[in-house]
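Each of the two complexes below includes chain A, the first together with chain B, the second together with chain C.
Up next, the complex of A and B:
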């Protein structure tokens, strides 16, 4: 579908110039690839804040800590292209509001989710109209949230959840050929971030929920070394730019208080991945457990953000003047 | 079996066993425990002394009413009734649900008057019938809006179309306007577009409209402007008068106090 209403940028995206000086040695490229500095089970720090958009009934902003390689590249730039990117997204919740006139009667809350990348969010420019992957993310998010919202307490009303992704995770390191990985892995991290941010925004809007739902990602990655004997490893909260080969990745939406999962999305082949002997479970189960562990980590941040929102809402309203 | 309740709950937080509490608004029950389902201050409503009912746990949805500082302390209760708390100063009105339900009293603005019905859009859901006797909007805890701002802007004929899409729509049918002489009702003499009406919800209605009734003495038009655009004051149950020109207009008037 062509967008005739706006002045669009070039459809295929633009790339910053790569100067010969930065490419002249092969070692330079090898060192340009970001390396994971964290432990396999160490998550990136999350910044999460609610209530930033006053016109919405609930809102939140989420940001992942930029990787160490990005910080290093900023302090001593070797190349104009940043080595990796970190997720930044904003979520708004509008509602509960009346359903449109055309809608049929619903005794429950009707949930609608929109996920949209900002045109500048990814290395490849996104259009203004939602494409297939954005709609897909919206459906996954709706599945994740539908299980946690107590919908029957809000008859005849609708809830719109809109997520704008300001900076997306990379699907792979930019220096790799575009087809060197078979799947867009970055979308998994984006979904996990969407779930966590949406949960904070819903609770900021005071919509009844069973629990705070958090998203987590784990992946099985092949070892970086050339050693053939090396087994693939399980990593939590993977940044796809930091890994050469991701065999399989999994994102879950997890409710810690109830120990329930409302959404699983698994990509790649985890059955063939033989993990080292220190893993007792099969690749598939280890992957799921890893994602749940990552979600638990995100939940602690989420709980703190929601508590902050509740304190601001309930405690700091002296004289009722804060309502404006 | 004393348990300490948190002052502030977040969704999914366990509050107490069902054996000692019953679940109020903002909470849900899972595996014989009361869990919070929204974030906010925990409120314990103690049971009547002597009755067998359990104390009700709820999580408040509203900002505290002005001048009530000490509702939300960490409450330590023993299981069952706690007589000391009932002698506390008058409790602030805490509002739990912003949706209109059957029997809730609402303030609505008339958007359209037809021969058989009037269409209104609901501005505010008032919490409880007892508190609406003399309506004083500033005392009513609203959820996300400043009621005074809504009402003053709502009675102003200029900004009608502003946010009607976002408000719940309701119908007042001709036969629900008043309790007597229902067949003589002429809708044009009951409501005009722009009037603020107090009514109660009689049904959730169909996909798009709630159904309201004003068939009670304390229900009907509470604020109206005359054709000249001035505020009017009520003079009888069916007449209001322009404060500037003295011109009388017909309305189904709510008892002012």
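Up next, the complex of A and C:
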């Protein structure tokens, strides 16, 4: 069944390009897995800007700083295969707007979230219709945001949040066999980015919130190392391309001022991970604390972006001395 | 009653005048008209509500190559309209094309004629070069169209404007824009089919080689013959298919110009890896070296400019479309001579102006010899009214030619 509303490619389908380097494993070692250049508790820089889409009531654009390997590959390109990728997404908020007549009465604001990857966002081409993982992201985002918005201020209204992901995080290093990582880890970084960007866009749309909400990711990774004895380590804001094995990862949506968490998503087995002796807590507690720390880091960027948005709004406000 | 009483109780009574932003919303047509035809006493120039002159385009910026997972990408901002375009190349094997062996004669039967042509061009190279070029061009177009090697899709469901519901199937506007881009790609023949072909050269088999080794002295005589043999066996094993996806991130009027500029910038940025047919694996394999990758060689630089016509008569949209007779024409001419303008052609309309006009003109022009030659019209589309006549279209083409210069500079700088 072809999609008749879009322009379809050749009916027999096409195959993604296969690089000679990925066929023979010897050259894999030559290029090498990108190395994490940051400290374990150091986050990537975040670029967050609000109000780039004037037709929406609120909007934001978020971009992560490219990792050291990607930045190097960009400045002096040698290989066509990108070593890793950096998250880029745009978020728009439309509303609050009246619900359609056919909708049933709702005393609260009805929140709709919608996350869509651009077809060129990931290493594998995405379809035009939302797949299960994108819907899943939308649900996670909705739960994260529902706890923040003061929904009873807008009865019978709806709020649409749309996120377009222009570039997603990798799930694993491209050179690894497709089954070497058991779960799609990149989606967790994407969710953290979505939460932070959505919070900025909601504030930009002047929707009443309890607090700003920031997303953070932490993971327990077993890094490539010579000695087998090496303990798994806790890392904040992990780029999955930089690690050979991710044992467990966690993303939280966290409100710093109230010290509340509205969403936890923990994947993988953290119980077996034996962190060093200086860690007195169990694996998942350490993971949660790490994710909260990462969210605190993202919050400082978020607060700055929202402040900028407020300054812009004050300048544009009709009562701001433009008239009379 | 209560709010009115409260307002009255305030120390300063609210004035009856509306702030401009509210007037613009309540009376959009009158608002724009007042800007374009200010009262003669005010001595104000006629400008659009957004502060531009009628033939002025919005500030345009372009940025290429920022998306990691694409072969070529571009972001084009046209005022508040933003389009992101990513080009992804995938491989279509000829064995997957159902009509491949039917539509194309088998290599064995086709190559002799091909050879003849090649020999001919060798002898009378200069004379027939042009005709051969044309022949190949014809071949080009049909292959790109027949096997749909260019797949542009435009998405508006990105939350770019309040009207488009995300997750819904593409709206009529999105479908029409995608199709316009596709037809423009085909009709301008921007991409060369030769760039998209992946050839395979079967190696010469053993015995022949040996034979040649023996008669080493005759090598020079044999060599051209050998080359011809090689040419004969050469076959297309696969094509690159370019998926051109355009996301309109922000929509504030004139999506087509922004999308087309983004497509153009992304195609200019596109690099295809060197690819060859790997006999052992029976698949096409690419080299990952950037030094071996090559850019597309595009034909020309067609640039589109969109205009809309704003009429002073607010009910123009309701009026029956009647071509004016001679008397009415005269009347119109008179009024323009007197300085009472009744319609304005606005370049690069924003969302507000688009909503107030019926008639739309889209001109796609290119200039021969990289800007030094004459202007060529690649596409001219006009619909929704009869206000713009031949004379005005000529001026619009001139404005588009001017725009071509400006945009060329912007695209070359990014």
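Convention: the second predicted complex is superposed on the first by the 286 of 324 C-alpha atoms of A that agree within 3 Å, B and C clash if a C-alpha of one lies under 4 Å from a C-alpha of the other, contacts with A are read in each partner's own complex, and residues count from 1 in each chain.
Keep this in mind: a contact is a pair of C-beta atoms (placed from the backbone, for glycine too) under 8 Å apart; a residue touches a chain by one contact, two chains touch by 3 or more.
Please read these numbers as outputs of a predicted model, since none were measured by experiment.
Asks: Figure out whether A:238 sits in contact with chain B (first) or chain C (second), or with both, or with neither.
Replies: neither
Asks: Mind working out whether A:307 is in touch with chain B, chain C, both or neither, as first, second, both or neither?
Replies: first
Asks: Quick check for you: in the superposed arrangement, does A:248 touch first (chain B), second (chain C), both or neither?
Replies: After superposition on chain A, A:248 lies in contact with neither partner.
Asks: Considering only touches as defined above, state whether A:258 meets chain B (first), chain C (second), both or neither.
Replies: A:258 contacts chain B only, not chain C.
Asks: Once the shared chain is lined up, is A:99 touching chain B (first), chain C (second), both, or neither of them?
Replies: Only chain B is touched by A:99; chain C is not.
Asks: Compare chain B and chain C by how many residues of chain A each one touches, and report the one with more.
Replies: Per-residue touch count on chain A favours C.
Asks: One more residue to check, A:150. First (chain B), second (chain C), both or neither?
Replies: After superposition on chain A, A:150 lies in contact with chain B alone.
Asks: Once the shared chain is lined up, is A:208 touching chain B (first), chain C (second), both, or neither of them?
Replies: first
Asks: Can you give me the overlap between the chain B contact set and the chain C contact set on chain A?
Replies: Residues common to the chain A contacts of chain C and of chain B are 97, 322-324, listed in rising order.
Asks: Can you list the chain A residues touching chain B in their complex?
Replies: Result: residues 57, 96-99, 101, 103-106, 150, 153-157, 203-204, 206-212, 255-258, 303, 306-307, 309-311, 313-315, 317, 319-320, 322-324 of chain A touch chain B.
Asks: Using the touch definition from the top, list the residues of chain A that touch chain C in their complex.
Replies: Within the complex, chain A contacts chain C at residues 5-21, 23, 52-56, 59, 70, 77-82, 85-86, 88, 90-94, 97, 114, 116, 118-123, 125, 128, 130, 160-164, 166-167, 318, 322-324.
Asks: Can you name the residues of chain B that touch chain A in the complex?
Replies: 8-14, 26, 28, 30, 35, 37-41, 60-61, 63-67, 72, 97-99, 142-146, 149, 165-169, 204, 206-208, 210
Asks: Can you list the chain C residues touching chain A in their complex?
Replies: Its residues touching chain A are 15, 19, 21, 66-70, 73, 80, 82, 84, 86-93, 96-98, 147-149, 151-153, 155, 157-162, 166-167, 169-170, 175, 178-179, 182, 241, 243, 245, 247, 249-252, 271, 273, 275, 281, 283-291, 293, 351.
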